[in-house]
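Chain naming follows the written order as A, B and C, and within any one chain the residues start at number 1.
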Amino acid sequence: MSKELPVIKVDQVNELEHAVVDGIDISGHWNRMFSQRAISDYPTEAMDWVTSLAGGESLRDCYQCGKCVPVCPVQHVGDYGPRKLNAKVLRGNNLLDDPDLWLCTTCGNCYRVCPKEVDPLRIMPAIREQAVLEGKIPDELSDVFRNLQKSGNPMGESPRKRIDWVAEAGVDVPVISQLGRPVDVLWYVSDYTSYHPRGKDAARAMARVLTALGVDFAILGPEERSDGDSARLAGESGLFELLAEQNIKAFSKYEFQRLVVMDPHAYNAFKNHYPRLGWAGEVLHYTQFLAPLVDDIEFRSSVELDVTYHDPCYLGRNNGEYDAPRRLLQAIPGIRLVEMPHTKSNGYCCGGGGGGMWLDGFVADHVSERLSERRVREAVATVGMDGSGVLSVACPYEPSRFEDAVKSTGNDGRLDVRDIVELIDQAMQPSGS
Amino acid sequence: MDYVVLLKQVPDLAEELEIDSAGTGLDREWMSYVASEWDEYALEEALQLREANGGTVTCLALGVATGDVDEVLATCLARGADRVVKVGSFDESPDSHAAAAAFAEALEPIPHDLILTGVQAIDDLDGQVGPLLAARRGMPHLSVVTHIAVSGDGRSVTAHQEYAGGVVGEFEVDLPAVLGVQSSREAPRYAPVSRVRQLLKTATIETVDVAGGGPRSGLVVESMSVPETGAAAEMIAGNAQAIAERIAELLAERGITGGAAR
Amino acid sequence: MSGDILVVVEHRDGVILDTTHELLGGAAKLAAAGGGDVVAVLLGSGLAGLAGSLDGASRAIIVDDPGLDAFSPSSYLAALVPLVRERAPDLVLVANSGPGMDVAAGLSAALDLPLAAYVTDITLDGGSPLVTCQLYAGKIQAAVRFEGGRGIATVVAGSFAPTAAGVSPTTETVPAASTDARIRFRGLHRPEAGDVDITREAVLVSVGRGIGEQDNIELVEALAAAVGGAVSSSRPIADSGWLPRTRQVGKSGLKVKPKVYLALGISGAPEHLEGMRGAELIIAVNTDPRAPIFSVAHYGAVADLLDVVPALTARLGG
């Protein structure tokens, strides 16, 4: 990008002592105006560079209408916004050195309202990939990339420990390589569900629900690798492809009718990106899989709770599924479902997407509060004001993010965070257990 | 200035290490490998020094069948090394004496003013490769090194050697020399996966044969074992609250009751 | 093993290091069991006076040379290689320090003597040395023999106890057989005095990588305040700049012996253990049940420090 900027031309100033139109004096501050100015006074190299990247093309289409401003979750807590990003690039700024490059969570809310379909879900990974290639990447994030590459999960844990949660599931969880036969459902458990303590709670609950429904399922076990979708959105498309190669190799070894996933990010990767890499099977988020079967679930107790549901960006807004999770919640006896103000297609992002899960330290310097904290405060206002409410979630990024936020906003005891499948599992147990 | 960096992979400690059935080595079935941490610091230092002073960075690694040496070397190129060489052919990682002998032979035709390698590696049973190599080639060697700087005339470097208590000795070392790097001035730079994959397909990884035989460690491993961990410690069970309660008790027994002013 | 055990003396600022006294204590025990003399080798210039404190050695060889007025690997090796070749001991003991690693490997290569590293114990088995080596960050130990029954061992600090026999060795003074000034000592740098001297604190709340993010350090500081102690750390935390270097415990940091050492999220790599294993009460909290710290701790809990620390702070009224 050129550093040789043209000298700012002195604008011609037109001034009238009186502004008279059709005999009427309409004088005002507009008596003094500058001559017209060409927009190409700004160097175009920065915008040309972004739009030359595959995926970066739509940034030029922004015409600064500002519809994205009130819907961007980061704009609510900081100085950042999609429109501002366009303005920066128009004025020749280099985003590679700009912290703003890492604040977008790719929640998609701006894209939803944009009349010109400017798409950060494609622009961000394109620019971020260039940053990664130049080594301009926050350390927090590169540490996770290393872990993903080395161990196939963001924590850097041993792949063998991916099935540690199985021991306490209380039911059989077959690993497909040992089962040695085709299955109906290959259940892709995902990283946080497999390794994080709260994720493991959801994994065990899901295993019990699948067993109670008599589903013919199996898991990949230690062969399972991260979906890598957030790494892709954070600029590591090479890493995404490496992980995809490993997963597709595993998928291709076995016969199954459909892939059921816990994680909306995995859903997004498998449904929208794996076909171009060579795998195009049927993928369902677990709520989509269970919702048609909900009448077959035998509920033995009532779960008397005020519950609100957080639409995960990558299941809801970015992939259009709002109903299945709600059908499940409404089927659980006792649950009183209340919607938050920011709901469904206008859901408020938890901050974990687009690499945000691994940038909390970095982002904290640029926002007044974390997105997850803001969302928790909204949930408390909705269901937590008189005793204990429940924020129900359907994405494995959520339990840890929201539970941390409950503590850090001082709302311990007013809001529990539970995955939908945990609530189903609870209602399947007899009362008092 | 010609910098040479020696690297190797070691078992990844994220995996549980298990003893093999003979009881004298590690079970390799579930072993995964990572680049030795200190070797990565050595490479980062070499790249930083090249950026400051000019020159070339050549990376050498032994051609072992375990792990993925090609990926290590492609990663070196992705980080900016000029040249990578795979040395010899080994079924598994040889001991440090044999490794030093192989590197010593491979270095003969390779220009080298300053050789950098990690101060140690987690599997160095018979000592570290750096000083053994230096001795074989009659070069001076300094270990536990940080703060490397090249002198004005390029014929020596200064470096710090770390001692206990945060005390550090400053030394001047004539080149050619070998330094065992403790840490680098910046964290090892990130090598994008796409670049590494690209290089694995397109880059030239030179190979050089070395004569077999030669010195070995002269050590006989009678047995290997996992030290009994937790055998010493009395383990406290329960949730965080219960653990905190017990710790508070243990402290109180020693007169530490909390809320104490300093 | 009837031959001599040679101990290479390490000293700085005119003081013999504790590690040398430990080596001498260990060597004395071995010599008592197996025969042979313990011979200390002290290299320096005008330092003969130090030889008197080499408790455990029956003999001391003082290599006196102006070129040895400060430690340098090249000058030490130039003097030691011919000396060790000539005296042909059965065992050479060197501390596992920077200078130790330099010297031991140089001797091994020049004299074709096997070298065992990270040694934590040496016994006599059938008359020849059997050494225990620690590998893989302390997760594995190996029992190792030297082919030919003779070799060099670099010994981890704290493995042996110094002896207190109170007997000074007989001394002989020799010049350096050769010199090599390719590595030249320029001076010592000491760390700046910090706000807190952790070696003087009775209670240390120590953090390692398990702390996760820098922001979490304040949780630990709150605990330290509640318990009337100070915060210390393992090396990675100091390397990241999250705490000053003066709070670092371990081989390259400070050695502490507090009444209470809380090891939080510290795995217990040998380099760290060297710095704190002498504490009176060690309580370790770590999510990994196989963390080596549990082998030196008196009490342990497999848990996340981020859960335990706030609970403990609250319990202590902090």
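Some notes on this structure:
Just so we're on the same page, contacts are C-beta pairs under 8 Å (C-beta built on N, C-alpha and C of every residue); 3 or more make two chains touch, one makes a residue touch a chain.
Since this is a predicted model, take the numbers as computed values, not measurements.
Distance from each chain's C-alpha mean to the overall C-alpha mean is smallest for B. Simply put, of A-B and A-C, more C-beta pairs touch at A-B.
Chain B and chain C have centres, each the mean of its CA atoms, that are 20 Å apart. The distance from the centre of chain A to the centre of chain B, with each centre set as the mean of the Cα atoms, comes to 38 Å.
Spacing of chain A relative to chain C, judged by their CA centroids, is 49 angstrom. Counting partner chains per residue, chain A shows two or more touched chains at no residue at all. Of all residues in chain B, those touching 2 or more other chains are 16, listed in ascending order.
Chain C contributes residues 213-215 to its touches with chain A in the complex. Remark: chain C residues 12, 71-74, 77, 97-99, 101-102, 104-106, 108-110, 112-118, 130, 133-148, 151, 154, 157, 180, 182-191, 203, 225-228, 239, 245-246, 248, 251-255, 259-260, 262, 280-281, 283-285, 289-292, 294-304, 307-308, 311-312, 314-318 touch chain B in the complex. Of all the residues in chain B, the ones that touch chain C in their complex are 11, 13, 16-17, 19, 26, 97, 100, 119-120, 122-128, 130-132, 134-136, 140-144, 158, 160-174, 177, 180, 182-183, 215, 217-237, 239-241, 243-248, 250-251, 254, 256-262. Residues of chain A that touch chain C in their complex: 360-361, 364. The touching residues of chain A, counted against chain B in their complex, run 129, 132-133, 135, 137, 139, 142, 145-146, 149-151, 156-160, 236-239, 241-242.
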